[in-house]
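Letters A, B and C mark the chains in the order given here, with residues in each chain numbered from 1 onward.
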Amino acid sequence: MRRVRTELWLRRWLVGIVVCLGCLAAGSPANAADFDRQQSLALTGVEWPAPEEVWEVVALKNYNTRLVVLSTALLGVAAGLVGSFLLLRKRSLMGDALSHATLPGIGIAFAIGASLGGTGKSLPLLLAGATVSGVIGVLVMLAIRNSTRLRDDVAMGLVLSVFFGIGVAILGMVQTMPQASAAGLESFIYGKTASMVKSDFFFIASVAAVSALIAVVFFKEFTLLCFDDDYAASQGWPAFGLDLLLLGLVTAVTVIGLQAVGLILVIAFLITPPTAARFWTERLPKMMGISAFIGALSGWLGASLSALLPRLPAGAVIVLVAASLFVISMFFAPARGVIGRWLRHRRLRKKVNRQHLLRAAYELLEARTRQNGNGKREMPIINVPFSRADLQSKRTWSPRELARIVRSEIAMGHLEDAGEGRLRLSEEGFGEAARITRNHRLWEVYLVKHADIAPSHVDRDADMVEHILEADLVRRLEEELRDRDAWIPSPHLIQ
Amino acid sequence: MNELLKSMSPVGDAAGEDLSFHPPDVPLAIHDLTVAYHRKPVLWDVDLDIPEGKLVGIVGPNGAGKSTLIKACLDLVPKTSGEVGIYGKPYKNQRHLVGYVPQRESVDWDFPVSALDVVAMGTYRRLGWFRRVGKKEREAAMAALEQVGIGHLAHRQISQLSGGQQQRVFLARALAQDAKIYFMDEPFAAVDAATEEAIVKLLRSLNEQGKTCLVVHHDLATVSRYFDWLVLLNMRVVASGPTSELFTPENLEKTYGGQLSLLNDAAKALSHATR
Amino acid sequence: MWTSFDTWIVVTAALCAVACALPGCFLVLRKMSMMGDAISHAVLPGLAVAFLITGTRASSAMFLGAAIVGILTAIFTQWVSKVGNVDRGAAMGIVFTTLFAVGLLLIVRAADNVDLDPGCVLYGAIELTPLDVVKVGGFDIPRAAAVLGTVLLINFGIIAALFKEMRLSAFDPALADTLGFSSRFLHYLLMTMVAVTTVASFEAVGSIIVIAMLIVPAATALLLTRRLIPMIAIAVGVAVIAAVLGHASALTVPKWFGFDTTTSSGMMAAMTGLLFGLAWLFSPSEGLVIRWLIQRRGSDGLHEGASN
């Protein structure tokens, strides 16, 4: 049931995001005045813009900004979804190698475009070149992996550096072409969101949307591939084909991200949102929804910010927004975040301490009663005051630690001050102590007697042993304790 | 596009050629199988026929190629030569008849899925491309989980399960496939006694339903109690036959060679078996 | 038209390549090749901060800043992957992209005052190195060659002194720890070597060639031998050959396409790839060609066996 809900939830989320972005894009038509405004913004330098300028950009009032911000946000959605699978396939850095491997293609595509008479600046042509050399890079990587002893990391580093080197060499050549000075090919390395024509926007937006769609449509198949590729292959799924499809999606996202984020940083768009999303949930559909959301938010805020501060490289701003979201997730996400885990650990430690204290108190009282009763069996335990030193002698607490635990137990109402520095169990505390001690002893006997069954059944924290083990088994364990003179009647069994 | 998908379809509707030397009523027939990684052969000229409805233990020393044998049967490693027939046809036509339980270490247990999600993967092949897991599949998965005794853990994320419970999840996934022949790679490795008992119970019940199970096993002490058919493997098949006939010191010596400590274990196991 | 300029360029590049190939062998063996990539990108903020604080491009401050950030990259990666329970590759990717982004922003701020171009960090300006000379023992030596030569000597010295320990900890870190050689110390020592080498190279040859020289010669050597000392020797050889071929081809290859010349550093990285490709195909022990031959003979043999 829960599964259905999360998947529905993912789909609604995505539909919501896409519809919002679409509506905004289709909104008011181009406005010449807005465009001029954007141009003048580009000259203001790194000084902070006025509040109304901030609002104008964030609220997407400006036509050009709207195109840039929306395409980056859509890119974030696609990268968040595709990146989730890339992360779970443990191939995050393959995206890095891939993005570096696009550079030779960009250079060659430019040279071809320029020699055919154009300026060589046509975006689809450059991106087509990037795609071709990116795909070649991926294939070389897979070939190295499958036909040598070298590991993944070597294959990635190799393709990354050699292809990028070739790219630099090619750029070094084509930049001497007369048309090249205008090309600004370097913006592909660092990213530049400055301005964008409508056809570029539709191109980038549709590639992003299709990539996101494919990632969702192949949800089941990709999940199987990432979790257990051998099993997938044994079931007849084309594991290698699915791998290629996934890397194809990564290539698509990388290539359309080149212009906005730049090839060095586009990998962050693929890695950071899913890794951040993983902290929030243990369910894959939810993780992908959150990842898409974080990707969209980073794209939106990052592109807006860099529109306001045009001298800053857009890629860097977007990456820093995503990195901040990652840090927030890593620390504050309740499910797997650092603070959440630390708190849970602390709570557990406190609980264990409390149980130790109460058991120590109970065993103290038990020993006293036995002494006074001359070892007579089954004397009711009498609740008398005891000193801190008595407690201290039962375990290896430091005096400070003991004082802290005692303080918190007094606050809980389990312990009372009996005067003269002595302590006494309250009525509630006495019942609790008896229960904890009894549970503890039953589990102990269980572990000794029935170790062969399942250590995994032992749950010391369980309220009652009876809730986990069968009644018959508990009865036998109690017999055992009675023989050893360590039996405590269950406080809950009085019915 | 549709044609392409059909040709890649995991449902495999093609009739496939009959392998003449593989009679259709034999669950697993291996002929002349050789597998080599790089230059090193791992399996040599393996010939094997497994009769229907047996609990088969595949036993042999470390590096004998036990896991490789299973993987070669499932086309997970390339065969240098030889044929494998599942009920008379190549594996790629008979996937619907085969259930696979890989080694537990082969996957990342931190993956964000629940036990039920993993078991439902057993139904993916029947679902085919694009169709989502529905109510029917979830119920089948739940039934499989109940059958291995961990139905109450269905919604736990898989890293929160103990090793034995994780192994049971894998078994349940194979059950959800509803196959006729099961390949299990070391299901007894590092599990607690309760899980071991549950697996044995499960194997027996599969056996009663007439299914065939091939289990890679490493514990000589329990071999004779768990299995009624043995394959002794050390790169070649040393022997294959009913456990009662095969489990002799001579055969074990042939399989394990000079590995004395193992032979001692085996001797103990033998005396255990004859007692 | 080979001039003494070209000789100096090749010498500088070869020094850089060898300085990289030495620690690179251990990076590859420790399965941390991508750490070279991460560190060489991430040193950017260290350079920028050092520049913003001192206001000069003096080497020593930049060295220090970059080395610190290089080690921080390794520490942060370790930390994110341990504390956050994140896949190592992803942790590395997040850390180095973030640091690189910070570095870019800082450089843009700093660049108002001085020429510190992010581009030169990536591909350097090796063609200009012979112009900037220092006097060493009465000879005019390019400053970059002197710096890289020093770094090479330091790297060589460290590896020679700690060879046994580094080999052990690359092979089995747990054993190294139990024997009292802290593999953590050796890990961070290696990271420091990579960071320092990167910084020394970045100005002259650019960081991209550093990544290539760290990984590719070592990977090539690994295809040709399975023993460590021959591996290091081969890696060094491959690095030197790639440096020489790279510069020569930067002068000649563009002419084939009607261009003038191109960046030597890019060509050197490309040449390492070419040498790797040759080893991949023709390695006598595991090259594609020899494997194909064996397989063909092997299956023939099997067929004969079957027919007998």
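Everything that follows uses one rule, which is that a residue touches a chain if its C-beta (ideal position, glycine included) is under 8 Å from a C-beta of that chain, and two chains touch if they have at least 3 such contacts.
Bear in mind that the values here come from a model prediction, so they are computed numbers and not experimental data.
**Student:** Starting from the Cα centroid of chain A, hunt down the chain whose centroid lies farthest away.
**Tutor:** The chain farthest from chain A, judged by C-alpha centres, is B.
**Student:** Using mean Cα positions, find the chain sitting nearest the overall protein centre.
**Tutor:** Chain nearest the centroid of all protein C-alpha atoms: A.
**Student:** On a C-alpha centroid basis, what's the spacing between chain A and chain C, in Å?
**Tutor:** 31
**Student:** How many angstrom lie between the centres of chain A and chain B, each centre taken as the mean Cα position?
**Tutor:** 34
**Student:** What's the distance between the Cα centroids of chain B and chain C, rounded to whole Å?
**Tutor:** One centre to the other, that is 46 Å.
**Student:** Two-or-more-chain contact residues of chain C, please, as numbers and ranges.
**Tutor:** As it turns out, chain C has residues touching two or more other chains at 85, 286, 291.
**Student:** Which parts of chain B, given as residue numbers and ranges, touch two or more other chains?
**Tutor:** none
**Student:** Note the residues in chain A that touch 2 or more other chains, in rising order.
**Tutor:** Expected reply: 90, 278.
**Student:** Please name which positions on chain B make contact with chain A in the complex.
**Tutor:** 8-12, 71, 74-76, 92, 95, 98, 100, 102, 106-108, 111-114, 116-118, 121, 124-125, 127, 129-133, 138, 155, 157, 162, 164-165, 173, 192-195
**Student:** What part of chain A is in contact with chain C in the complex they form?
**Tutor:** Contacts found on chain A: 46, 87, 90-93, 95-96, 144, 147-151, 153-154, 156-158, 160-174, 176-177, 186, 189-190, 264-265, 267-268, 271-272, 275, 278-279, 311-313, 315-317, 319-320, 323, 326, 330, 336, 338.
**Student:** Could you list, by residue number, the parts of chain C that touch chain A in their complex?
**Tutor:** 28, 31-34, 36-37, 41, 80, 83-87, 89-94, 97-98, 100-102, 104-105, 108-109, 118-119, 122-123, 206, 208-209, 211-212, 214-216, 219, 222-223, 250, 254, 257, 259-263, 265-270, 272-273, 276, 280, 286, 288, 291
**Student:** Considering only the defined contacts, which chain A positions touch chain B in the complex?
**Tutor:** 2-3, 7, 88, 90, 217-221, 223-224, 226-228, 230-231, 233-238, 241, 278, 281-284, 287, 451-457
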